[in-house]
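Just below is one structure, and these are the notes that go with it.
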Amino acid sequence: MAQKKKVTATVISQKQIGEQIFDLWLETKLAKDAHPGQFVAVYPRGGSMLLPRPISICETDREKNRLRLVYRVAGKGTAEFSTCKAGDRLDILGVLGNGFPVDRAKGKHVFLMGGGIGIPPMLELAKAIGEKKQILLGYRNKDLFLEEDLAEYGDVYVATEDGSVGTKGNVMDIIKAYSLHADVIMACGPMPMLRAIKKYAAENGIEAYISLEERMACGVGACLGCVCRTTKVDAHSHVHNARICTEGPVFEAGEVEL
Amino acid sequence: MNTEVKIAGVTFKNPVMTASGTFGSGMEYSDFVDLNRLGAVVTKGVANVPWEGNPTPRVAEVYGGMLNAIGLQNPGIDVFIERDLAFLKKYDTNVIVNVCGKTVEDYLEVVERLSDTSVSMLEINVSCPNVKEGAIAFGQKVDSLYDITSQIKKKAKQPVIMKLSPNVTDITELAKAAEAAGADALSMINTITGMKIDIHRKKFVLANKTGGMSGPAVKPVAVRMVYQTVQAVKIPIIGMGGIGSAEDAIEFLLAGASAVAVGAMNFVNPYTTVEVVEGIEAYMKQYGIENVTELVGAVS
Amino acid sequence: MNTEVKIAGVTFKNPVMTASGTFGSGMEYSDFVDLNRLGAVVTKGVANVPWEGNPTPRVAEVYGGMLNAIGLQNPGIDVFIERDLAFLKKYDTNVIVNVCGKTVEDYLEVVERLSDTSVSMLEINVSCPNVKEGAIAFGQKVDSLYDITSQIKKKAKQPVIMKLSPNVTDITELAKAAEAAGADALSMINTITGMKIDIHRKKFVLANKTGGMSGPAVKPVAVRMVYQTVQAVKIPIIGMGGIGSAEDAIEFLLAGASAVAVGAMNFVNPYTTVEVVEGIEAYMKQYGIENVTELVGAVS
Amino acid sequence: MAQKKKVTATVISQKQIGEQIFDLWLETKLAKDAHPGQFVAVYPRGGSMLLPRPISICETDREKNRLRLVYRVAGKGTAEFSTCKAGDRLDILGVLGNGFPVDRAKGKHVFLMGGGIGIPPMLELAKAIGEKKQILLGYRNKDLFLEEDLAEYGDVYVATEDGSVGTKGNVMDIIKAYSLHADVIMACGPMPMLRAIKKYAAENGIEAYISLEERMACGVGACLGCVCRTTKVDAHSHVHNARICTEGPVFEAGEVEL
């Protein structure tokens, strides 16, 4: 794995692509090291907020050293990021965590499942997986984002909670509605969705990889802040806890308790 | 220019250490920092057996700092010696092991297991506010602090640092008790107990309700406690609480700390420790200071 | 929508007050804020005779807050009644007088002088860390706090608020002592003792060496202490420490404070008090809360 | 006196005019209320520094609602101000304090004395005093500032500590060197200079007004942070302390102990 670094990145562009959703391109050498499912941690500027905010890698342009982050304004830190303009500088820590096991998709039939602000990491993942794949996306309402970008890399199915676009419901309802099947699932989204996927995968003997979230402080495995419960004793911690920032954020669904 | 300091007979190449629990076992920050540049690596608290720690969320950001309620998750002394100490041995720096326990016996077991290892000092955590049993219970009362300190001193092969809690009326009383019981040094401060509430969900942000506050927000309290304690005891003090720059570190040295440790600010800038080392050197150069020890307690 | 709260029989139009010593006698901020909008104006500490206070520098900025060592400068109770109370009478708000002294007798004299005035409540400052005699000496020990509280209660014609110090091991012990002695309410927290050193001059920044820390940096400690104390006593609590927005104020209410006070953040934004009043109203509207009292202690 | 306000001002221009000395023009309605010797308090942006920094009014342009501040970078707050560019916004509190008693200059022979970063308030004062006046300025070295602006309003005499320009020494040495005389002195500068002026004025029966500095928190008289010792019991405090932010910053030299 590439060495982790704290670097100063330059904002190339930022635009709003949904209600409270922002699309940020940064120029940074970290782009070269980034794999799908990994994340960076972005530092707020100004001194009252100190901890960096973990944001998944949405897309990379390795040749131009560019990294794309797509995020929702969820609080003060992300609100501050949303004011960045081209030319501004942001400190970021990266590349962090272990991404999706792209190899496991080889020769398999794959679902990429993204719910809400879990959709962004699916883009870089979709680009990395050569196989034919179905991309299942869940949104709140017709305020879609990234679905056009994703459509370039697979068959996109959309569900909305209010039924305004595509299947009414969530990504699981898409599977039912279209009677879809997969050998491997790779997913990111809210906890209820991940729980449903874990259950569905277990019941159907499907290999599933899910990306988890937890509050982080260090992002590099030092503080033990960001753990999740594991079904077996974790090799590093020697207890039933794994660090999401280091062993994760992507776990095989059966390894973790949700 | 000489940045060497001596604490309880142990020589440190410079007065800059890591604060327990904020630097893993050193490995986690070795991508960023050459551990050979540090005075010491102080490890995460380790108990006689593995501890699961508290449920999540375990960390929360607060104004100018953070709360943590890790609850002393650790892999237990066996894995620690085998894996973490083995890793640290490769570096030319002192290793200080932070020791925790639920009962005095737990502490003693860890202390004994470490007796034939190469660790330079033991730091006894009697001040973690995030576990129900042990820890802070020993550190807030003069009698129990005296008792645990003297029992540990009887078994310990390495010099013993007692790590004090700031959640007390008069830290000098505790410091004096630890000194009287034979402690070789003190470290302070551990975290200050705090709380954060999510007003939209009407819930505690931390699963543990309360957590220990650290970061720049606590620095003035830490500097004050170091200064007060330096006036009250003769044993050396390792100062910490909000250090994020050489300026901060020098403030602690001037207040009387013999060495300093960098905690939460590692998370904000993973290069902090080495930047503090370099910044102290630059300050010494600027003011023509030969020995870093000249700074210790030099405020007036 | 009803923002009224009752504390010890006194009705406040809303739960937002000023913290003693940060709002002068109200006059100083009347250019910025309509005092009629506030639940109460809590005045600067007043003693039986004029006090000079400490030498300067008396204030210092720290990360996310400030230190002060004013040392309770005040014009004495006579001038206070004649000038400051006379001014405040013109407004439709409660007046709470913060009382300080070097001896119990000093406090009692002020309390008696105020007995036939229109002030709504007395807040007894037994927690100022910046004077050598009196003040904090009474507030850090269970016995002396019990004693002074009961003596004051005997003389006081108005309900008595005891203002507690955070510089203690267990604030609930002090709170229980004050309650047992008859206190009608508690306010917390006063400032946390801190220190700042100028590393270039190698001098204490404050002439008094130490000062009391306040501002956003102390909020997590204050919220925690309010929450703990609410579990330990039945009398109402006025919460303060770092409040600079309605969000902050609501955090204290959820933790169990019946009212809140804005201190150092007045210096950062002189409109803070009224903005907090308006922000609480907006929050109640957003969540369909009828009575502000529904928020008190509603964290889970 | 005009009502005090906290307002957001817009940076019109900023340029460096000496070693660590910056010249900042702000657009704000407060300009209309400003009198010579009064000050505003400028808030740092970002959350780790909270208290506003007191800066004297150097010049006003009432018609254009403009305020000029000239300041030295002395620490983190002023360092931050020095990065402001045209169009940036700064929160300021003002107008604060009592200025120089311009009336007392009527028909008198006046010295305006400024030392170092005490020079800026002399400019607005020089503009306000119609009388013929001598302006005595003390600098560290040949890195002069504002002396050309001041020369438009009176006879400027310069002293430098290293003797590189004008009289070697300080403003008191100018008086000696040129055998100057005045009925009234108005001054701002470092404490040793103010002490010397107080002594000189007392010995020569000259009326002297000096502007003092102290660490401030509120700036409006509420916190009692910024007091100076007074020779008599102060009318407001009823002790030997006066608030520099409210009763001052300008005091009659005989009223205060230095």
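Which chain is which? They are A, B, C and D, in the order written, and residues in each are numbered from 1.
Going forward, a contact is a pair of C-beta atoms (placed from the backbone, for glycine too) under 8 Å apart; a residue touches a chain by one contact, two chains touch by 3 or more.
Everything numeric here is computed off the predicted structure, so don't read it as measured data.
**Student:** In terms of touching chains, how many steps apart are subunit B and subunit D, taking the shortest path?
**Tutor:** 1
**Student:** Between A-C and A-B, which chain pair is linked by more C-beta pairs in contact?
**Tutor:** A-B
**Student:** With chain centres defined as C-alpha means, what is the inter-centre distance between subunit A and subunit C in Å?
**Tutor:** Roughly 47 Å, centre to centre.
**Student:** So how far apart, in whole Å, are subunit B and subunit C when each is placed at the average of its C-alpha atoms?
**Tutor:** Roughly 34 Å separates the two chain centres.
**Student:** As a quick test, compute the distance in whole Å between the mean CA positions of subunit C and subunit D.
**Tutor:** Taking the mean C-alpha position of each chain, the two centres sit 35 Å apart.
**Student:** Among the residues of subunit A, pick out those that touch two or more other chains and give their numbers.
**Tutor:** In subunit A, residues 47-49 touch at least two other chains, as defined above.
**Student:** Where in subunit C do residues touch two or more of the other chains?
**Tutor:** Subunit C, residues with two or more chain partners: 63-65, 216.
**Student:** Have a look at which chains touch which and call the overall pattern line, ring, star, complete or other.
**Tutor:** Its topology is that of a complete graph.
**Student:** Within the complex, which stretch of subunit C touches subunit A?
**Tutor:** 63-64, 216
**Student:** Looking at the complex, which residues from subunit A come into contact with subunit B?
**Tutor:** 3-6, 43, 47-52, 93, 214-228, 236-241, 246
**Student:** Inside the complex, what are the residues of subunit D that reach subunit A?
**Tutor:** Subunit D residues touching subunit A: 45-49.
**Student:** Of all residues in subunit D, which touch subunit B in the complex?
**Tutor:** 47-48
**Student:** Which residues of subunit B touch subunit A in the complex?
**Tutor:** Those residues of subunit B that touch subunit A are 21-24, 28-29, 31-32, 44, 50-53, 56-61, 63-66, 68, 70, 73, 75-76, 79, 215-216, 264-271.
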